[in-house]
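Going by the order they are written in, the chains are A, B, C, D and E; count residues from 1 in each one.
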Amino acid sequence: MENFEPVIVAFCCHYCAYTAADMAGSKRLCYPPNVKIVRVPCSGKVDAIHIMKALEKGADGVYVAGCLEGDCHFKNGNIEASKRVAYIKKLLDEIGIDGERVEMISMSAGMGERFAQTAADMTEKIRKLGPNPAKSFSMDMASNNL
Amino acid sequence: MITAERKPMEELIECLRPYNRILLVGCNECVTVCSAGGRKEVGILSSALQMAFMKEGKTLEVKEMTLERQCDPEYVEELVIQIDQVEAVMSMACGCGVQEIARRFKTKPVFPAVNTEFMGASERPGVWVERCQGCGDCVLGLTGGICPIARCSKRLLNGPCGGSTNGKCEVDPDIECAWQLIWDRLKALGLEDRYEENIAAKDWRTGRGGGPRKIIREDLVK
Amino acid sequence: MSFQKRLTSGEFVVLAEMNTPKGVDISELVTNARRIKGRVDAVIVPDMDNGIMRMSALAGGVLMHQQGVESIIHVYCRDRNRMALQGDILAAHVLGIQNLVVVHSEEMAKGDHRDAKLVDDLDELDLLGAIQSLQNGVDMAGFDLSGSPSFTVGCTMAPSADNAAFEKELSLARKKIEAGVQFIITPPVYDLNRFSAALDAFKKLGVPIIPTVFLIKSVGIARYISTYEPGAHISEDLIKRIRKASDTEMECLRIAGETVAGLKEVAQGVHIITLGWEYRLPKILDYAGI
Amino acid sequence: MKTESVLEKVFASGELAVTSECGPPRGAVPEKIIEKAKMLKGYVDAVNVTDNQTAMVRMSSFAACVFIKQLGMSPILQMVTRDRNRLAMQADILGAYSHGIDTMLCLSGDHPHFGDHPMAANVHDIDSVQFVQMIKDMRDKGKFQGGDDILNPPKMFIGAAANPFADPFELRVARLAKKINAGTDFIQTQCIYNLDKFEKWMEGVRDRGLHEKVNIMPGITPMKTVGMAKYMKNRVPGMDVPDEIIKRMAGVPKEKQPEEGIKISVEAIERLKAVEGVKGFHVMAIEWEQKVPEIVERAGLLPRPTIDL
Amino acid sequence: MQDQNTFKQNHTVLVIGGGVGGIRAAMDLAESNRDVVLIDKASSIGGLMTQLDRTFPTNNCDLCTLSPNLSESSRQLHIELLAMTQVAEVQGEAGDFKLKLITEPRYIDLDTCTACGDCFKNFPECVRFTPGLDHRAPTCMRYPQAIPHAFSIDIEKCKDIDALVKVCKADAIIPEDTQKVRDLEAGAIVLAPGAEVFDPGKLDSLGHAANPDVVTSLEYERILSASGPTQGELIRPSDGKQPQKIAWIQCVGSRSLHEGAASYCSSACCMFALKEAIVTKERFQDSIETAIFFMDMRTFGKDYELYLNRAKDDYGIRLVRSRPHSVFHDPETGSLSIIYTPHDSNTNVTEDFDMVVLSTGFKVSRDVQDLAVKLGIELNEHHFAKTDSFNPVATSKPGIYACGMFESPKDIPETMVQASAAAFCASKNIRMVSESSEAVEEFPPERDVSREPLKIGVFVCDCGLNIGGVINAQGLADYSGTLPDVKVSEMIGHGCSRDALARIQTVIAKENLNRVVIGGCSPRTHETKFQDTLRRAGLNKYLVEIANLRDQNTWVHFDQPDGASIKAQELIRMAVTSVALSRPLTDNIFPMNKDVLVVGGGVAGMNTALSMADMGFKVYLAERSSELGGVAKKIRKTLEGDDVQAYMTDLIERTTQHDRIEVITNAFIVDHTGMPGMFKTGIQIAPQMFYRQITHGVTILATGALPNQPKEYLLGEHEKVMTQLDMDAVIEDQPDKIKDVTNVVMIQCVGSRCPENPNCSRICCQSAIKNALRVLELNPAARVFILYRDMRTYGFQEDYYKTAREKGVIFVRYEADALPEVQADDAQLEVKFNDPILKRKVSVYADCLCLSTGFIADEESTEDLGRIFHIPKTNDNYFLEDHIKLRPVDLSVPGFFVAGTAHAPKTIRECIAQAQAAAGRAQALLAKDTLNLGAVVARVEKEKCAACLICVRACPFNIPFINADGYSQIDPAQCHGCGICAAECPAKAIQLMQYEDDQIMAKLTGLLERVN
């Protein structure tokens, strides 16, 4: 497991986290490339299924990044998202997959540093947790061959 | 609507352990509305099950399907296309749906994914409460539209027991005393007198007392 | 139970204010009325409040009535002379309106028809007298009516910055009570303790007191009231509470709800003013536990 | 006389009746109940025998009643609607009456939620009002609840419980009226500590003339400690323990609290004796049966009238 | 002032100068449906900014931020671009100028040149030009994305013209090309000619002419620039080695009495020196020593002080307060010795550096001065355009407006503000071309792709070094070609450049592609550009997916190129799998509400309102206090001596009397919904608090800032202590009081540049100077002390600073860690401070202590409004603009603009400019008659809908409802497109267009399921 490079999916709200990610870019703030961003119009768009399917397909960690509390462009999408994330965490715990692999993060569009920091922290955390135990055996083989 | 709640994952995983390919079937009626077994929950459970097995190094193939209603044979018939490709079916519908599938596909094991709970209403988004026990002989006309059978812990028909405090049931202070509600309602309607009438012992034959029930509408029978 | 019945039996009454539209699209008004139907005892319909021309309160009141919501309509002397006032009051009764509030007419200066002529044929006490008289079957000119109306009549009390002003308001109120007022709507309460302190004085008036709960919608408004209405007593803590809230809107609704709940303990009723946010009334009532 | 019940006879005699209660043991040996009953002999007119009280399984009330009867005392068979459907209840009533048990108290029973079998189905086929009606019909019309004739109908003296304090308070009198309508002969109330409120209730009862239709026996329960008082106040649903009582209990040293408790009970009885419509007292000393004689004596309720069995 | 409404026949505006200012002005005008002729004497537009490597304070690559603007301007149908063109003659007046334009020969036909570069490869002597460092004659493309995108030839330098002509495969070289003269009629003229930099060659002591390692800051920019002569390598010109120690010398040619130098401050040099030093450390080596020699550190712009602090604290850039005498070259070591006297000492210090950068100031070129003469406009003593304090972009001649550097030295954001303002003022002179009559770009009909098999084209942009410098872009393109359904995969140079877009369009047509993936920069900035390309190629614009290879990959993973390469493949895979499922969508289009809501009735708010109302828009002006005026109503005089009160009285009068302005005082904004072109804002009006909803198309926030009143130095406690604002009034109302004073002490930076309020309040230095001069005028015998940290009298304010020194105002510097102390002994007020020269404490008994307290943001109301409107704020609670460099007036929420001190502290003059700019930006948005809400709306599949009400309950805007047919219905006109309903729907009956579940799922598949 020494060379374990986690795959992390970050669902990012267009109005804050995605912009913050671009901001991190223009500021050249480095973070681990393990984090792959999927753009959504609002963190409230992120369905529990999306999170579950990402994990099922082999992501080692998933986080949803939305606006700061009270700052959601659509009033309360971020609150809805955080409730869903909490639900998924419980479900994962129930099937013996650490709910810690899923997180809700909030930040504003200007927080390029926070984006980079979060990406680094999340990568570090998942690295410690190890590979997603639900990654199928065959998939492990495939990734080893790469 | 009929309300239901997903069974603990452990139980679901346990009953699917012997199988490699299953069909996970949702229902687009009550269980969709109470967020227990619609397309969305099918998707979530499907992922969760697959992950749970993958974790053990085993692959569980899950086909997802959601029927308009699992309690009508015509809809259940839609499963025919998939059924041969799987070893078992897990239904996310209420007990009616599970049984309908079992009835139609005699050779496939069917497992319920949810516990069917009660006939209820949504109190607010995400909260459902029991409102009816289907006793088959409605008393709501006498009790101001609040059912003492479904909502009084002791099914008392003639008034509150001695344990009701501040409008709450002695069994659980989160439960409203049905009789307090009935009384408030009767008062608001100016129908206080209704309370004074003694309601006679109920004929439970119309409920489960008479064995499994059946409705036959002659004019509609084909 | 009707508003009047609740009032006389000493039960807590919940009133909410709903303005008529500026125009003829009544859909919002009707929707809002349906939202709170059964949850408030009556809706107060102001009549061209603040000098803003709108559909008349009489029509608004009738509309409420048609929706099955009891209404209380404003009457005042700025825009109509004694003929029009009496005529409208008779019409109101016939159309099913059971309650009136005689209010002080706001000046035109802040309104949208600043050039309009002020009528002020009568003053508030005259108008109260006229209503009494109509109920007794006689019009202001002394002619007998064929059939007389009946109403529950209330009045309002203006905010007072200090004790002297408060005393003045009280004595005015006493006069109005003599002139037939059966309940009084008092100014917005932002501080329950302050209101409780004035309670004795109110109680001495001998008629039910219905304090107002004014929905604050933003820090800006709270700050304005605390600065320009010294008698209102909006505390820094309250402003801080709104500022710190993660959801300002909900916090404001919660504050209004809490005030309503607090007044339930001490007053005879409450009058909720939401000014444009009537669709939020159910939430306030939820927070108030009503 | 509707029945052979001793209790009915005491009421008829115009004397204040006194009852107490015995809980059957949680085991198959009768000694305990016999011992308890003996303590009460001569001090009370009849002894209630509880039916799976607090939803805990115990020896059946019917069996325990038989033992008490054998001691020459008068048992009151308690029965709850929770555990039996109408068939079982009627069967047991026939059986009890055949053993000479002629007085009953009809209850709905504590919810299984509180007991040692929370998972048990609670039957509640009928409620307590319907229960009273059923026994009355058996007695007076000689008919089973289902409508068939009874060959030798049981003649039960029918009691029911009332709680003057539970919410909604305004319903308490009406609820009593319903029980009376159904055929209740006597009422044993919840433990009374809030005498003012009880008197207010009685006022309501008298307003409707109910006190003339039924014999009301306020429940009296002495408190051993201030802890018990607080428990009753806060944890027992439907119980109304005024703060003064707590204060009074707390105001004396721990060792004197039992005596204070008894004093409170005695004072209560003395005060309630004067209330119009009170026809007796139901003295329940929970796990403290030995004190019943003392209370009865100090309250001036002795000697008990002799009734021919 | 100028006559506002001289409408004549003509509706063209001539914009002179193609720098950022000129481009902005031209684009604003074009967007608001005015025809523009944009001329520049250079061969391509872009001006100074195209020569910069990165700009402060974001340290962005300028080309990347500017180039979309440039190509956008060439896309604009209203804009005609004439490079190498100058004005020869001007006649006429506002509304009806008649001009003669002369275009120099390019010797290359713009229409046929493909910019292949063959001419440049073969004949570099007549085509090569690298601005700044190359002293040779001008030619050719100045930078890779130049517009017009064609070379030009310096025919003089060409020895073999025939050979040159032959080398061009496109036959684009025309040796016989001649000068062209053209007549132009224009209604108004915008002057954005920019400035030139001071030539330090004249200052022998600094050795610029003699020593190649002494460079100007612009030359240094070129060295840093990826498109510069060194391809972005930091090497010193003399020996090609990386310098290890670099010095910057500030105020070269500015604040100076030398010949040819300017006395004013050039305003931007402090910031760009800091930027160059930071970039040097950040991009090259942290160990490179950097020192900046300066007199006053003038970081007075928005958040600039924070930048300064970062430079000092985070990057360890050395700041030396001194003006060096001279730079010597040591021929043996090759190093450069700077001799200087530290500010707190009297002895000379010599220090060696490898390179010296001269922060040269700006001046108006001779050419521009000649142009001014031709146009007949007045210039000030420094040869800048003369303008009025209360009409900052209007020149002395009606119909002619000046912006940017030509108005006064300034940085890019202020240039952008003035450009928008000038464009707006110019537009007042001419008629709007009605939208219907104009030729909208005709797109070919959309091809029906529904039955076609997938044919995906992948185009990987290398974005110069931005992408290509980190990963192998060609390799990535090769890899992309192996992905399923990918028909074509290509690496393209600068993907957003015109020829790249043209290439994509061609490939789509040729290969009959029906889906396109672009691997490039952020879709946030460039999506529309590629969508347009698809439209031109006859495809629905929603069939493109952009993989963010730059902002979210190469820029952030440049430290691990391998990881970045793998991630790039993953991002492309995600885009390919997702685009495969994209479907053609139709935008939702609605009529535009053209009313304007201006929040705040101060000087900025009123100017915005009047500007918009004059243009024919209905304006609601909401002011929370009971009267108009704001802070400016308290100010009496400007530094230049203008009567602010008279101006304000007139302004208020004009505002309240205007037919199309409805002033709502005592107004509080309480709720807000909608989108640009259809906003709805709830206002509660005190004291009766009645509620009113206003529908409008744009919102302009001019809510101002508060005069700071910090509890320091006995302010508010002692009668002799006051703010500069108070002093201004005392001087005006009680001049006698001033006549008696002996000592006046002023303390600068009170409540600014401190931990609680870290930024500079910008206006205080000039107000101190203003009041000091007026005190001395009333009472020449008075002693005026100004205790300061840095005097920030930027631009022409410097002249007044100079005058103040000459008149004997005593300036004493203090450090942030040794603040002046003030003690009161009854009426006596004693001020103690360190004298840095005497190096001891000095005590003065002040008859009057003036505190320069500046501005502080109105935290409570920006917080309130920020929340209601969802507008982000800076850390110190000013509204945060959309782009601090290029879009200083636009807020990040579309349809919102900011003007005045709600944006940042500024002078009245600057507020007015921004107000006009906001009006201009708003006008551009409102020029359209319809509103395109895009296609992102929720759509219900009624067959799946269980009518469960979950969407109805979940929607934050109460849009879905269960219709008569029993399923949920969502009105696309009202849907905000958040997708919360789609996520909550338990039957999965709702899809959010453009973000459908299968597309999101496909991305996950693309990322996580390895392709075999």
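Quick note on the criterion: a residue touches a chain if its C-beta (ideal position, glycine included) is under 8 Å from a C-beta of that chain, and two chains touch if they have at least 3 such contacts.
The model shown is predicted, which means the values in this text are computed figures rather than measured ones.
Peer 1: Tell me, which chains sit next to both chain C and chain E?
Peer 2: A
Peer 1: Using the touch definition up top, find the fewest steps from chain C to chain D.
Peer 2: Contact-graph shortest path, chain C to chain D, evaluates to 3.
Peer 1: Averaging each chain's C-alpha atoms to get its centre, pick out the one most distant from chain B.
Peer 2: E
Peer 1: Grab the C-alpha centre of each chain and report whichever is closest to the global C-alpha centre.
Peer 2: A
Peer 1: Between A-B and B-D, name the chain pair that shares the greater number of C-beta pairs in contact.
Peer 2: More contacting C-beta pairs are found at B-D.
Peer 1: Quick one: report the Å distance separating chain A from chain C, using the average Cα coordinate of each chain.
Peer 2: Measuring from centre to centre gives 53 Å for this pair.
Peer 1: Starting from the mean Cα coordinates of chain A and chain D, work out the distance between those two points in Å.
Peer 2: Each chain's C-alpha centroid was found; their separation is 65 Å.
Peer 1: Quick one: chain D and chain E, Cα centre-to-centre, how many Å?
Peer 2: Their C-alpha centroids are separated by 89 Å.
Peer 1: What whole-Å value do you get for the distance between chain B and chain C if each is reduced to the mean of its CA atoms?
Peer 2: 47
Peer 1: Residues of chain E that contact two or more other chains, please.
Peer 2: 867, 954 - these are the residues of chain E that touch more than one other chain.
Peer 1: Return the residues of chain A touching two or more other chains; collapse runs of consecutive numbers into ranges.
Peer 2: 47-49, 53, 70, 76
Peer 1: Go through the chains and record each pair that touches.
Peer 2: The complete list of chain pairs in contact reads A-B, A-C, A-E, B-D, B-E, C-E.
Peer 1: Inside the complex, what are the residues of chain B that reach chain D?
Peer 2: Touching chain D from chain B are residues 153-167, 170-172, 177, 179-180, 183-184, 195-196, 198-202, 204.
Peer 1: In their shared complex, at which residues does chain A touch chain B?
Peer 2: 47-49, 52-53, 55-56, 91-92, 94-97, 133-138
Peer 1: Help me check something: in the complex, which residues belonging to chain A touch chain E?
Peer 2: Residues 7, 9, 14, 18-19, 21-22, 24-34, 36-42, 44-50, 53-54, 57-59, 70-71, 73-77, 80-81, 84, 108-110, 116, 139, 142-143, 146 of chain A touch chain E in their complex.
Peer 1: Which of the residues in chain E end up touching chain B in this complex?
Peer 2: Residues 944, 946, 948-950, 953-954, 985-989.
Peer 1: Tell me, which parts of chain B touch chain E in their complex?
Peer 2: Residues in contact with chain E: 28-29, 32-33, 35, 38-41, 43, 66, 122, 125.
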